[in-house]
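Two complexes follow with chain A in common, the first pairing it with chain B and the second with chain C.
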Partner chain A sequence: MTLSRILFLAFFSFFSTSALATTEVKDPLNSPMWDYMVEQFFKDVPWKFDDRVKVITPKVAEDSARVPVSVRAEGIGKVEEMIVIVDLSPFPKVAHYYPMKTEPYLELRLKLNEASAIRAAAKTSDGVWHIGGMYVDGAGGGCAAPRIKVAGPGWADNLGKVQGRLWKRKNGTERIRVRVMHPMDTGLVNNIPAFYIETLSITDQKGALLARLDSFEPVAANPVFSFEIKGGHGGYALKGRDNNGNDFRAIVLPKVK
Partner chain B sequence: MTSYKQILVEAFLVLSLALISVPSNASKLVYNLKPQLIADGVYLLEGSTDHFNRKNGGNIVNTGFLVGPDGVIVIDTGPSLRYGSEMRAAIKAVTPKPIKSIIITHDHPDHYLGNQAFKDIPIMALPETIAVIKRDGDEVAEGMYRMVGDWMRGTEVVVPNQKAKNGEIVIGGRAISLIALDGHTSGDLVVFDKKSGVIFAGDLAFHKRTPTFPSATLNKWVKSLIKLKNIPFKIMVPGHGPIVTDSRAIDSTIDYIKWIDATLRAGVDSGADMNEMMATDIPAPYNQWGVSRDEFIRSITYLFPKMEAELLPRIDN
Partner chain C sequence: MKRTLAATTIALGVGALLAGASTASYAGVTEQDILNDAKTTHQIVTNGMGTQGQRYSPLKKINTDTVSKLVPAWSFSMGGEKQRGLEAQPIIYDGVMYITGSYSRLFAIDIKTGHEIWEYNARLAEGMMPCCDVINRGAAIYGDMVYFGTLDAKLIALDRKTGKVIWKKKLGDYKAGYSYSAAPLIVKGKIITGVSGGEFGIVGRVDARDAITGDLVWSRPVIEGHMGTLNGKPSTMTGVKNATWPGDMWKSGGGATWLGGTYDQETDLLFFGTGNPAPWNSHLRKGDNLYAASRLAINPDNGEIVWHYQTTPRESWDYDGVNEVISYNLDGKKLAATADRNGFFYVLDRTNGKLQNATPFVDKISWAKGIDLKTGRPIFDPANRPGDPAKGDGKKGTQIFAVPAFLGGKNQMPMAYSPDTSLFYVPANQWGMDLWNEPTTYKKGAAYLGAGFTMKPLYDTHVGELKAIDPRTGKIVWQYNNKAPLWGGVLTTGGNLVFTGTPEGYLKAFDAKTGKELWKFNTGSGVVAPPVTWEMDGEQYVAVGSGWGGAVPLWGGEVAKLVKNFNQGGSVWVFKLSH
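And then the complex of A and B:
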């Protein structure tokens, strides 16, 4: 075989492989775990990458125990479900939100175990999952770090205390922020079993369900969640439960000036 | 005729040579520390006002040393073993006098990870600082390896072995005041050299460089700075940024802390989420300081959740 023939073959094979690659959908975040994420969360369902699903988070996770992530899925039609996933994590699924009568917006803070793609997927009424995301660099260790740093040593005395507030926004929506005192143990540290808030629901004052959030191990200790709701309901009731059966209840009303 | 195998062998040889040559590049890492004489017997080693990166090797910090009649006092040892060793060599080039004592101003890694190069000498720090270095030192050092890479090679945490106390002390024949404060961290040690009027403020004072808040308590920090203002110093060495001969570094640090506090309170009160908060406009002059946006984002990371805990009302019964 001559050198020129080898070069020709190398040249030819380079172009033929790149031609093949373009026929598949390439992960814009180039994550090594993307195929596995598809396998786990989007097997046999229609999905596509969609820039309109926005994930906002700092490019570098300064505090891996608490990385703020805001998700918004606007302009794609009615969103029925939203999930937040972290590709490189012992627990890829962070939260599953059913916005129902609320806006397709969610803010939370998560534990990052290593630099990874953080994604949000929004399912529209036609059954298609629209997927956006961002790559976050960081030292990691968030899922495997002791809670003492964030939840504090006196967590048991404060378990279930809820803080929160409601704001009327210029665009006519209301934003709710809720902070629940909870250690959110992943089960990966010091033989402490997994202990985390599993679910949180928002109802109006008459008890009609407006939205539900299921949360998982990677949500940061003393979790904070933000939601947005169109129009005024004059206040909301929040109801939550952890995986040990502890219930949390709170009522958030507009601030009286 | 060239065989396919032969080409592979040659390619392998070329690649191996390329790999072997990497360590020779790595050995070029030099901080090139140059002590500047800023007052009689007082030397400064000034770092950049940048973030930790692989170009500066973590040399973003001001360290220094005082030469007394019988010996030398070192103030902070820099971010790595390599820095500490170079600093020690630089001191030796300035004076043949023995190093008597090392003073560590606080528990942030750029100020004490050079301790290893001074292991044979007493290293003092406030008890709060010693406790944090014991608890977090290894994890913090690991973070430094990740950020600046090979510059850190061989660096291990050496915990200070002497507790510093507030008050006057004579070391190497030179009388200095140690001032125990806090706010930037749980223990901030300030060194005031009365003879020259030079004050080493540690990271209580930043100058033309954005202050950092990962371990800060805002009101304590401001109180400490007000105390510093009453000390009759002639030259102030801030922890980061150029030296000053007046209270500018103190004043601008106080202003920034107050701005951060007000911005965060207003942010929590307005319902902004953390990522919206991180995109807030930074006004002049803060937006002209080193790494203003990066440090602002870091500040929000640490301070915003604390502020929420403080300001959001209880809504369970």
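And then the complex of A and C:
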């Protein structure tokens, strides 16, 4: 950790002056990897810590293989992109969300490899990344520990099957929650290659694109994603693909009463 | 969780093609590149180094005089713990080597440095049933896409630059035993594939898909009674139902097209071989069992069978008829040759499938006394067909000793033809087996054999024999004996050289005219893959995959003793001349 900081300092002092300002801002989560996160995700782009970008997650992760994380970026203007980052992880980037016509809100479950800062960054239309986060303690091992395989031998039978639900919220938004059956293997366990959903798009029932999500290795197996849409469309189509090229599709409709 | 997510979703599942997902520009490998591959020396864009499958390169900088200076240029490890058989031929294009590894992996490697550019790892279903190791025999390339098939019977098209999947198609139900192991073939904008799974009562098929979209154009089942399709509609029935198969046996009749095929532009024909009829117990299927254990000439436009030649009618010894058909012209005739599992080397008129000659290429053949050149049919020795279990105690029929063994006088390892010497170079094995039949019935996903067997070497000294065969006479011009069974495939060059690998780990070079061994290098694991050669920056290179595995260590019986100290690997070796 010290080494990475030294390397980073050496690096930016040679190449970058704009990043200099950023390292003078103290990381509120005091993470040893923050400089490296800046180097990877916010190099040469404007960013700031912003409490209005909220990450809600348990303070202690009971199950490091699936830690629920909810991120919301309200009151900062139109959000074009959101990313979820875990500082101390073999795969810091968890998800990249393009809210487009949906709310700047995303909920997912992730694998925690060790206690770490979990952050969300939201890019507003002026190009500035607003960054919030929370520190989560936990036993870890979610990405790499040899564990009881989440995907049993029958995973292929259910691969890409989607369950979903819609409901209206009091604030006038509609929430979509989907679960996609997928092992989401990181490639670090039991000699099983990395195998994860790469992309998921949400359209209305006429096919107009509402949002896109790119997901990565640390998203928990059989991922559950939640999205919100103001007003709502009363029905959605989902389309996705994993890194092996398996496609899946589903239509999510309101519950028939 | 389950309660809150219940009921309201219509799950459409996996498999639908994402419309418009293709982003490749198709500026890469052209139809002409593929047709010219045998004459082109700076790239290798087909399995077989030319669609005719001759595995001959005119390159001659590495030759009988210089080959002793051949040294490694680089070696590449496929990594992981997945060190199993490596039977793939590399593709070389645009500075990149594309080679498949065990467990359905595809690697793109910088050919100048040996650095990996990308790799694709298939997540394989636990229930898949590959019969003979978790191998793959190579990729195909067309436009900006590179293709390969997986052990759980999927065909995948990837962007050759990024390794991202463009489309993925199901070739069969892996739970019924379907699998895929061959290198696909690109002909006239179509990608042509067979299927693997002959030990599970699957039905062999040849499929043609649009190489760009992956959409099925035609499908040709190779067992009589099954309907073909063309453009989404039924086309014609294969053969005549029940003409050569009793009852419903054709429905699970085998004939796996597991070794892929070749294409001859002069006759515009695809040549695909078909595996053994299922089950092994031939007493359950009296008749010739067309078109199992045959060579088929297929029209690439519509999937119709133009001619067939059945090497082993009512096959009973696991003599798959899949071995490669190599087109060549000699003495003004358009010919094709194939060295069968059953021990005979066949020369056919490739315009019509008429037999020209058939000669033994192993010392002993027990199942037939010869091939009648007039009728093209074998002269069976009835005493050397395993006995009918129904006529004995109902459990086990009379046991026989059959030669060749079920792994054949020659197996998957491709032979080569040199237009310079007019000789075929055939990697052969001398072995036999105890064989007996048992009752069996078809059950989806279960082995469908009705037979038991153990393998035995014929000689104390060796099993493998690399043979130079004169196709005019069938005469063996020279041979090289190898202690372990040969499983590696052959390359021949304009430098008067023949290259092949051995399970002992050596890549070896021989004088193509005399068979004199001129060079060898130990690659560290058994070589069971065919070597290739190409030219780059004015230098000639030779490459071969090294990774012991395949069927021999799995099914070897007494032969297994010969190979028990061979260790696994998974690497590519590239050689060039030292200066």
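The working rule: the second predicted complex is superposed on the first by the 226 of 257 C-alpha atoms of A that agree within 3 Å, B and C clash if a C-alpha of one lies under 4 Å from a C-alpha of the other, contacts with A are read in each partner's own complex, and residues count from 1 in each chain.
Convention: a residue touches a chain if its C-beta (ideal position, glycine included) is under 8 Å from a C-beta of that chain, and two chains touch if they have at least 3 such contacts.
Since the structure is predicted, the reported quantities are computational estimates derived from the model, not experimental observations.
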TODO: Would you sort A:P193 into first (chain B), second (chain C), both or neither based on which partner it touches?
DONE: second
TODO: Have a look at where A:E107 lands relative to chain B and chain C in the superposition and call it first, second, both or neither.
DONE: first
Open item on the list: Looking at A:R177, would you say it contacts chain B, chain C, both, or neither? Reply first, second, both or neither.
Closed with: both
Open item on the list: Under the stated touch criterion, which partner chain does A:G164 make contact with: chain B (first), chain C (second), both, or neither?
Closed with: both
Open item on the list: Applying the document's definition of touch, where does A:R66 land relative to chain B and chain C: first, second, both, or neither?
Closed with: first
Task: First, second, both or neither for A:S226, with chain B first and chain C second - done: first
- [ ] Determine, under the contact definition given at the top, whether A:R249 touches first (chain B), second (chain C), both, or neither.
- [x] both
Task: First (chain B), second (chain C), both or neither touched by A:K239 - done: second
Task: Footprint overlap on chain A, comparing chain B with chain C - done: 160-165, 177-179, 224, 248-252
- [ ] Mind listing the chain A positions that touch chain C in their complex?
- [x] 153, 155-156, 159-166, 177-179, 183, 185, 187, 191-195, 224, 239, 241, 243-256
Task: Residues of chain B defined as touching chain A within the complex - done: 1-4, 7, 139, 142-143, 146, 214, 270-271, 273-276, 278, 297-298, 301-302, 305, 308-309, 312-317
- [ ] Going by the contact rule at the top, pick out the chain A residues touching chain B in the complex.
- [x] 1-3, 6, 56-58, 62-63, 66, 68-70, 107, 109, 139, 141, 160-165, 167, 169, 175, 177-179, 222, 224, 226, 238, 248-252
Task: In the complex with chain A, residue positions of chain C that touch it - done: 1, 4-18, 21, 80-82, 105, 120-123, 125-127, 152, 156, 158, 165-168
